[in-house]
Amino acid sequence: MPREAEPSLNERAFVVQALQEGLRIDGRALDQFRELDLKFGDQYGVADLTLGKTRIFAKVSAEVTTPYTDRPFDGIFTITTELSPMASPSFEVNRPTETEIMLSRLLEKTVRRSNALDTESLCLVSGQKCWSIRVDLHVLSHDGNLIDASCLAVVAALRHFRKPDTSIEGETLTIYTPAEREPVPLSWLHSPLCVTFSFFGEEADIVVMDANLLEEQLRVTSFTISFNKHGEICQGAKLGGTTVEAMTLIKCANDALDKVKELTTWLDLKLVEDSKRRDKGGLMAELSAENER
Amino acid sequence: MATQGPVIVLPGDQIDPSLIPSRPKKALKLGPGLRHIPPNELVPTVAGQLTTDHKKNSIWVEYNGGRYIPAVGDLVIGTVQRSAAEYFYVTLTDYTSNALLPQLAFEMATKKTRPNLNPGALVYARVCLANRHMDPELECVSPATGKADGLGPLNGGMLYDVSLGLARRLLMRKSLEDGKVAVLEELGAAGLAFETAVGRNGKVWVNSESVKTVLIVGRAIQETDEKNLSVDQQKKLVRKLIKEVS
Amino acid sequence: MTVNTEPQALISHLPKADGSATFSYAGYTVVGAVNGPIEVQRRDELPEEAAVDVIVRPAAGVGGTRERHLESLIQSTLRQIILVNNFPRTLIQVILQIIVAPENEYVNAKITQASSNLPILPALLQTAILSLLSSTLPLTATLTSTALAIVPDQGGSNIVLNPTAREVEQSQSFHVFAFTSHNELILAESEGSFTMKEWDDVYARAYSQCCPPALSSDNDDAMIDDQRSAGSDLRHFTRSTMEQKIVSDLYWK
């Protein structure tokens, strides 16, 4: 039952009027993201991302299973995004809303279909055993822009994750527990990130990045584009709503690319900080030398 | 005994009988957060600070947060959802059932001249009926005098969400002394021209000729709320915001 | 000793929920959110009281029978301490998201899934109670919960408070208790094989852990029971966490 409260006419009129003067309610610039913070858990593959008041928690887990019969050389990679009433009481468990379906589809296209994770590397014994990597996304607080935040959280968690080490001798596959051998990172090819643009005004000529919940409810249409830092487009989606000039979209794409490069650098920095925190006294260097042998 | 630190209670705690005010001729008035178990037991039901007023012989638990529960006499800001035959349906808080606002409960309203409120309009109203078994009812006119006294539709401006604690402080008669809220006065003193309406349901409406003024007032109120600013910090914040704009 | 960390909690940190809390203790971290009283679906409506709905979400996966079992235990416990008669025909939603659960480093992930449902229950209950206190919904009392295991030890057996994953695996029986702040038993769940005498011992230990005699305010150097120093006093922790929050909220008084 949709119980989402709609903003009042006063808020609607005021937000648009402010935007026409180039002002946002929280004082940000039109192309400014809210404050980003990323914390990794003590366990590998746990990422807690905060974007303003939106908070996303992503967890990666791995288990050994049989591959699909039509793809015996590939592992399995799934992303689950089930929104719970914690994000907002208008979400119900087991009853996907449009927001949830859109989020799930965009993450699917951006991260899975673009082959960011090399699924062939997940194969253990072709046709019989492979790794199934699963990312669970939990939205702890919803204040707009779930898409950009979720994509960032998923990519961060996957890059942070370590799967158990394995070895094959003839027919026997051995999977080492974390106590026996240090787990190994996933085979990560590129980091795709999403940027969503929200449009306002009758001509959809006012463009805003990182809309909060109120701005999302009042926008006339939105456009999400996914890039990696090399400038390769993974997907672009503008689903309905007011028509937008093509030149505006191209400009958005350029802005998105700049933003993605900025976010990728920031993410790299956070991952390095985390590995330094774990690597007390340079032990990591010794261990990785051992694994390489 | 009298000059202890603040007394914090959790639900189910026992209250020290010496803290309960007792005047021989006046009945003890119980405020929010307390439950009376006959014959003479007082039990807190929420976590908060036990507060007493010896003059009025009342005792209550002061707390912040949570969801607004309508109480008779509260001034609230609601959003009209739709209008039916005799009533407007007004939302006071998200995800709760609507309150009823009779179409005739406005100043100078008769059967022929009903107020015209579209879905999405904001109204400033008083709660006249609230109990747990029925949907709350509102009125935009004082039943005794028939005058609006500032109640009624709110046009233009912007709506901001605040915590229930700050809404209560803003609505106090002496909001600077008792509630320690200086922002609005400071902003006015700084030369900004604006009007506000505060709803006990955690909503503040701000209106002004200039969009920038509304934004400054809104941001000042929300920052005071989120960061728990003291009076001095509020004054500093106002000075900072004014400087940013000019 | 089995307790390796002090309990930690964050209160009211989720901006969109009516009440929220993150609680970490003994290797578990759970984020809780409470919304209510809000509108309820017609089919769940109760004429005289609020419906209490508990949702438990695991860190990985979507949740199955284990989560439903935990939800029903928590729901029947919370229903007794929330003043549901104040809000008839409404809904009080309690959502508990498991963030971290201790991993057993000696066993691979798949195998430990088949183990017991109960070890995370005390952490879930503590998170729920802190979230309810944060939401200022009226309650009759607060509650404190603890887990114990009876672990074989050189021929005899030991009662272990807050057992680790490895100890749970090796235990003969596992017990969870919850007491209200009025020292009443509100939840008792046990698994495994044990005698009545063993249950009585475990109950007594849990009682002394969850219902410590109140420290008189004059005597700050109250002698701490040897046994009790093993686990943290969660009832006191709940109180001091809420006191901190209230004092900071009411800074203006």
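The first chain written gets the first letter, and so on, giving A, B and C; residue counts start at 1 in each chain.
One rule holds for everything that comes next: a contact is a pair of C-beta atoms (placed from the backbone, for glycine too) under 8 Å apart; a residue touches a chain by one contact, two chains touch by 3 or more.
Note that this is a predicted model, so its numbers are computed, not measured.
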What shortest step count links chain A and chain C in the network of chain contacts? 1
Report the pair of chains linked by the most C-beta pairs in contact. B-C
Per the C-alpha means, the centres of chain A and chain C lie apart by a whole-Å value of 32
Chain A to chain B: how many Å between their CA centres? 40
Can you compute the centre-to-centre distance for chain B and chain C, using the mean CA position of each chain? Integer Å is fine. 34
Touching two or more other chains - residues of chain A: 3, 89
Any chance you could list the residues of chain B touching two or more other chains? 95
Interface hub residues of chain C, defined as touching at least two other chains: 35, 38-39
Hey, which residues of chain A end up touching chain B in the complex? 3-15, 17-18, 21, 23, 25-27, 89-90
Using the touch rule from the top, collect the residues of chain C that touch chain B in their complex. 12, 18-19, 35-39, 81, 83, 86-88, 90, 133-142, 180-182, 238-239, 242-243, 245-253
Of all residues in chain C, which touch chain A in the complex? 14-17, 31, 33, 35, 38-39, 41, 55, 57, 59-62, 93, 95, 97, 99-100, 103, 105-110
Show which residues of chain B lie in contact with chain A when the two form their complex. 79, 91, 94-95, 118, 120-122, 154-159, 205, 211-212, 214-215, 218-219
Name, in rising order, each residue of chain B that touches chain C in their complex. 6, 8, 10-13, 33, 35, 43, 45-49, 51, 62-67, 69, 95-97, 132-133, 165, 169, 179-181, 228, 230
